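Notes follow the structure.
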């Protein structure tokens, strides 16, 4: 099972800055292992963000996003105490969802 | 978490850049500032804390009674006093070798087998998480290794000799790269480790998340790769020479503020 | 009055002594041997016999960065110089383009390298030296080599008038200890790290007026 | 040996299957499905074709952020933003990567059109921030990022 994300959501004016770290290999499928065998692609394809359960952003990623991905964006109108949920799905169909409270 | 905002650092850097052509070093500083907020080491810290508290191993026990030098279960402040002498093992131990002792004594793991496991595999992955979290619990504290025990003093002397030991096909020693201030390899600044190189530099910056490989490296792994680049044979995990070097560098770093786990190239 | 002063001085001296305590007495040479032998193992091409020091490495390690006694320095440098073999065909330079590739290449001789043959070794130059103006990623452990040949007035490295600087440069690459007993530079010829042709390529990089080093 | 194309194809199938079974989060279903073709595009024109977008025009209203030099190509922090109203999508591209598109963000009224992430770069390259506007316009900003060889190179 994958490790939890680290989500920080901090109010800045009339919005909240959301910073997310995800634990993922983001393997390109172009690399070879020590024995010369291609390491299969394995990467997060879709990331969604919800504010109090309502979808506010969807991102699609390719394998060139760096390992253990970082994402930063701002949610308008988010206040302290609001819930930010980040979810991802990778190309193997694995998924993970974590929540943070805006502070 | 960083206190200074990244946009602020960038603003300062870009203002400075207006007056003159940015040097490669400035550009690299800018790159590092951009990465400073959001160090993936945080992911490993979280895992390490869980591993500390989790019941695991043949004895199905947690590490919460592990004595890292400040008494059973005391984690805060332990990292900046390691390596140190431990009476129960009769040895000077660094964080990693002490964890092996605890994993064997408390959880029933085979310490020798873990030490022989390649980096990035099996229990070695868990050790990287544990060292990330334990070091993070001393973040901002200053290195203050004990030197009261005669074995701690002898280890310092041996570490110093090991540091200057030139051999192998390239005639390198640790001092080849880390014996002078203000030098670099390619664009990498090299800390001078024969004295306190400053807050959050050198010994005070490991464990660290390695950007190049996307892995968490403890000091043991850092030393292992130093010896690889030194063209030496392979140092055993938690072997005597690695502990002695830890004592030498750690004592020299007295007063340096720990930023571990840091972010490195 | 005088008594008080003396007393204060004694206290200060005692404090100073306790701060700079001497290392405990022990047979460090024996402990060191034991520690090194017990800490390393063979891995790939990197065998534990690499830990054996020759006289030069033993003396320079012992000095811990301080200068050696003149006689020791002289002996190391003489021995190094005598072991240097000049190119078998009397020609000192190869292709600077190949030299630049070698200078960039930081590989070789680690336990993760397949062989210890010169063909699998790089020159590692950029790790420690600036070489060209274009490459900004260079180390500073060694001096800058940019304009190496130009600054020394080399117009034709194979000419008679260039001979002294050319031989000096060859010697430096072959065995840097010939001129500096505790030089930090690997002994590329002496240790068999690079073959004659590879060293000639590095010579061309440094001395050929057309090389980016001299432009 | 499994090629990357096959993996993506399979995972697209899997995604479609999961969606049919109602296993994907509702929010995800509401959005456009993963456009595997766009992430396979080798060039900007190929990418625009895969996205059904018109030819991009350089614009001062779009911003690309990133370092001038990356110490390591494995992790390069870049960001894309615009303050123009009516933006639908923001893209991040690395011209010299095997596939140009790194990330695509669907903008809603609830977020700023301002996203930062970290990408891998195989070599020095131009990076692009592209904004797909509601009126069909495609605007971009470009910046060169040099990737240096760090460490001992061994």
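Each chain carries a letter (A, B, C and D) given by its place in the written order, and its residues are counted from 1.
Note that in this section contacts are C-beta pairs under 8 Å (C-beta built on N, C-alpha and C of every residue); 3 or more make two chains touch, one makes a residue touch a chain.
Note that the coordinates shown come from a computational prediction; the quantities given were computed from them, not determined experimentally.
Peer 1: What's the fewest number of moves from chain A to chain C, given that each move must go to a chain touching the current one?
Peer 2: Minimum number of steps from chain A to chain C: 2.
Peer 1: Have a look at B-D versus B-C and report the one with more C-beta pairs in contact.
Peer 2: Top pair by contacting C-beta pairs is B-C.
Peer 1: Please flag the chain sitting at the greatest distance from chain D, going by CA centroids.
Peer 2: C
Peer 1: Report the inter-centroid distance (CA atoms only) between chain B and chain C in whole Å.
Peer 2: 28
Peer 1: Once you find the CA centre of chain B and the CA centre of chain D, what distance in Å lies between them?
Peer 2: Here the centre of chain D sits 36 Å away from the centre of chain B.
Peer 1: Would you mind pulling out the distance in Å between where the CA atoms of chain A average out and where those of chain D do?
Peer 2: Taking the average C-alpha coordinate of chain A and of chain D, the gap between them is 14 Å.
Peer 1: State, to the nearest whole Å, the distance from the C-alpha centre of chain C to the C-alpha centre of chain D.
Peer 2: The separation of the two C-alpha centroids amounts to 46 Å.
Peer 1: Where in chain B do residues touch at least two different other chains?
Peer 2: 24, 185-188, 214, 228-229, in rising order.
Peer 1: Would you pick out the residues of chain A that each touch at least 2 other chains?
Peer 2: In chain A, the residues touching two or more other chains are 66-67, 70, 72.
Peer 1: On chain C, where are the residues touching two or more other chains?
Peer 2: 106, 110, 124, 126-127, 136-137, in rising order.
Peer 1: Quick one: which bits of chain B touch chain A in the complex? Just the residue numbers, please.
Peer 2: Residues 1, 37-38, 40, 42-43, 46-47, 214 of chain B touch chain A in their complex.
Peer 1: Which of the residues in chain D end up touching chain A in this complex?
Peer 2: Against chain A, the touching part of chain D is residues 1-4, 7-8, 11, 14-15, 18, 24-25, 27-28, 30-32, 34-35, 38-39, 74-77, 79, 94, 97-99, 101-112, 114-121.
Peer 1: Could you pull out which chain C residues touch chain B in their complex?
Peer 2: On the chain C side, the touching residues are 21, 23-24, 26, 28, 31-32, 35-36, 38-43, 46-48, 50-53, 56-57, 60-65, 106, 109-112, 116, 124, 126-128, 136-141, 184, 186-187, 191, 193.
Peer 1: Sort out for me which residues of chain A touch chain D in the complex.
Peer 2: Where chain A meets chain D, its residues are 15, 26, 28-30, 37-38, 40-41, 45-46, 48-51, 54-67, 69-77, 87, 89, 91-93, 97.
Peer 1: If we count contacts the way the header does, which residues on chain D are in touch with chain B in the complex?
Peer 2: Checking each residue of chain D against chain B gives 66-72, 74-75, 77, 118, 146, 148-154.
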